[in-house]
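Next come two complexes, and both contain chain A; in the first it sits with chain B, in the second with chain C.
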Partner chain A sequence: MNSPFEPVLDGLTRQRGVRASLIVSEKDGLVVDSKVRFGEQGDRLAALAASIFRKARLSARAAHLGAVSFLQLDAERGRICAVRRDDLVLVVVADAAANVGLIRVELLKALEQIQ
Partner chain B sequence: MTDEITRWSEELARDPSSRVFLQLGDALRRKGQLDVAFKIAQRGVERHPNDPEGHDLLAHIAIARGDLARAGQAWEAVLRVAPDHAGAMKGLGYVCFQQRRFDDAERYLAQAAQNGAGRDVIAALETVRSRSATDTIATEDIAQSVDSRRLFADLLVDAGQTALLLDTEGYVLGGVYLDPDGTDVAEGVGAHLTGISEEVHRAMRRLDMGAWKSIVFETQVAVVAMAPAPSDALLIVAASRATPLGLLRRLMGQCSERVVEWMATNGRGTANGHRPGSRQ
Partner chain C sequence: MIISTAEPWIEAPLRRYVDDARARMALLLHPSGQVLAQAGFTRAVDVASACALAAAAFATAGELGRQLEGRAFGGMHHAGIEKQFYLAHAHTARGAFICFTVFDSESSLGLVRMYFGDLCTELAATAPRLESPRQPMLAVDFESELNANLNALFGGGRSAVGGGGTTGERSRPEQ
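Take a look at the complex of A and B:
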């Protein structure tokens, strides 16, 4: 079955250095749709991304900083970038050396396509 | 919002004397287009020098740009045309607080409270009074170790910059977290970030991504960065949205060094945090 999110995820996964792209429900951390390379743990990534995004959003609200528009987690061997629309969090997992500026632009563009 | 910005821009182009500059400037500010927002507000104020809301808008944009002095001038202009403007008093309280003019900050905030400003002003007033008292204590007893609330004070040079150190349970170890109104919301922020460091650490290990180095998120008005600190603490640094990410990372690095020094010299650990809901 073709998912309505497939073109969005395909577009993101084609970016250089991107290992996985997922659409996740922020509320429960479940995967709505995903494109992950063999070996990537989609469910675990989804749960983590949803949890961090929720914490960031709630802390931003507590500090009266407005809505969170972009989130980036950097680790030694990779990075996770995420944006949100309504309850859906669009997540990209990339190599540590990937161009995060480009990924950010593509994520924000992709967000416009999610209804 | 983009449609509205287009509509307001067209309206202002048709009629440069329109007061729609207020909505347009504010919308651009919220979108982070601060330079354009500032120009529009400045032109609006030139055309409507007696409109307090124009000066107020200019002040808010100046704050977002990190220009504390310009914001102060704009709010003073508000009070010249509308002496009872509670928002301007609140704004000047924030500016004075950031400039460490605690007496002036207290005076402005007290005036704002008298003129019907919200409950947040009362909290801000308490913060100013406690900060002022803290400064007095520090002056009287320099030999005493650095007050934890002022841990990063000398590193935070621009308006909107704030830094906070939390322990593993989200309790405040040091620093403050000031919201755009100058209120210390450290405990609320800490409560929502409880356990994030441990959670990310555990997930990174299971995902074979190595140690986590930082989490950065952008909001409508700020950029916030978090990084692991010694003793499983969490360092949080925030700055205005106009702050380049490279500069934020540099500030984060300086704050991290400060944490290491402070923990080493004060023997601080996670046990010294205070619970959300209690004041230091």
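Take a look at the complex of A and C:
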């Protein structure tokens, strides 16, 4: 069955260095839809990314910083970028050398397409 | 968090699971409902009742699964207003166990499921093998088992209870 999120995820996964793109429920940490390269663990990524995003959102709120518009986590062997609309978190996992600026633009564009 | 276990090899994996998944409470039990380990249970929740209910719910879901698609469902999740639970089984060299995990908004189903996978791997790796399979405790064996255990506990060769009240008892075959 084709998901309504497929074009959004396809667009993100086409970016250079992107290893996985997922739409995750922030509340449950479960995958709604995903495009994951072979070897990546979609369920694990989804659960952790949703948890990180939720913590970041609550922290920003507690610090009176307002809503989180973009979250980026840089690690030794890759990076996670995430944005949110309602309960859905759009997550991209990319190589450490990937262009974050481009990924950010694509993520924000993709967010517009998620209703 | 207070953790108590009937078998010591369970403690470290269960502690890690509860900490990582930020679960409120967790129970590891035999499919018959007998508790093997508990973490975070307070007096407000009766462990024995929780175990019996969890075992019954898991057995019911398993049977529904068998009727619907020919095999038992592997996991079960229910969400309340504040608390949720996840019920799933883990296989080890000592047989299958059921894990009953209670969590709230500090965690999520995704996280609990993810760390439960890790718990299963750890339990399977650390579980010591059973030297002989356990026999079920039957009513006909109960008195002889009880006498044997009381003798072992309180000593000597004399029977501690009932003297000769062993009519109808059946000895279990030696393993």
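Annotations for the structure displayed:
As a working rule, the second predicted complex is superposed on the first by the 115 of 115 C-alpha atoms of A that agree within 3 Å, B and C clash if a C-alpha of one lies under 4 Å from a C-alpha of the other, contacts with A are read in each partner's own complex, and residues count from 1 in each chain.
Methods note: contacts are C-beta pairs under 8 Å (C-beta built on N, C-alpha and C of every residue); 3 or more make two chains touch, one makes a residue touch a chain.
This is a predicted model, so every value here is computed, not measured.
If you put the two complexes together on chain A, you find that chain B and chain C both fit without a clash.
In the superposition on chain A, A:H64 contacts chain B only, with no contact to chain C.
In the superposition on chain A, A:G29 contacts chain C only, with no contact to chain B.
Of the two partner chains placed around the shared chain by superposition, chain B is the only one that A:A56 touches, whereas chain C remains out of contact.
By the document's definition of touching, of the two partners only chain B reaches A:L73; chain C does not.
Of the two partners chain B and chain C, more chain A residues are in touch with B.
Chain centres taken from Cα atoms put the angle at chain A, between chain B and chain C, at 100 degrees to the nearest 10. When the shared chain is aligned, chain C comes close enough to touch A:A46, but chain B does not. Closest contact between chain B and chain C, by C-alpha atoms in the overlaid model: 7 Å.
Of the residues of chain A, those at positions 44, 47-48, 51 touch chain B in one of the two structures and chain C in the other. Of all the residues in chain C, the ones that touch chain A in their complex are 107-111, 113-114.
Within the complex, the chain A residues that touch chain B are 41, 44-45, 47-48, 51-52, 55-56, 58-78. Put simply, chain B touches chain A in their complex at residues 30, 177, 179-181, 185, 188-189, 191-193, 196, 199-200, 203-204, 206-222, 224, 238. Interface of chain A with chain C (complex): residues 24-25, 27-31, 43-44, 46-48, 50-51, 54.
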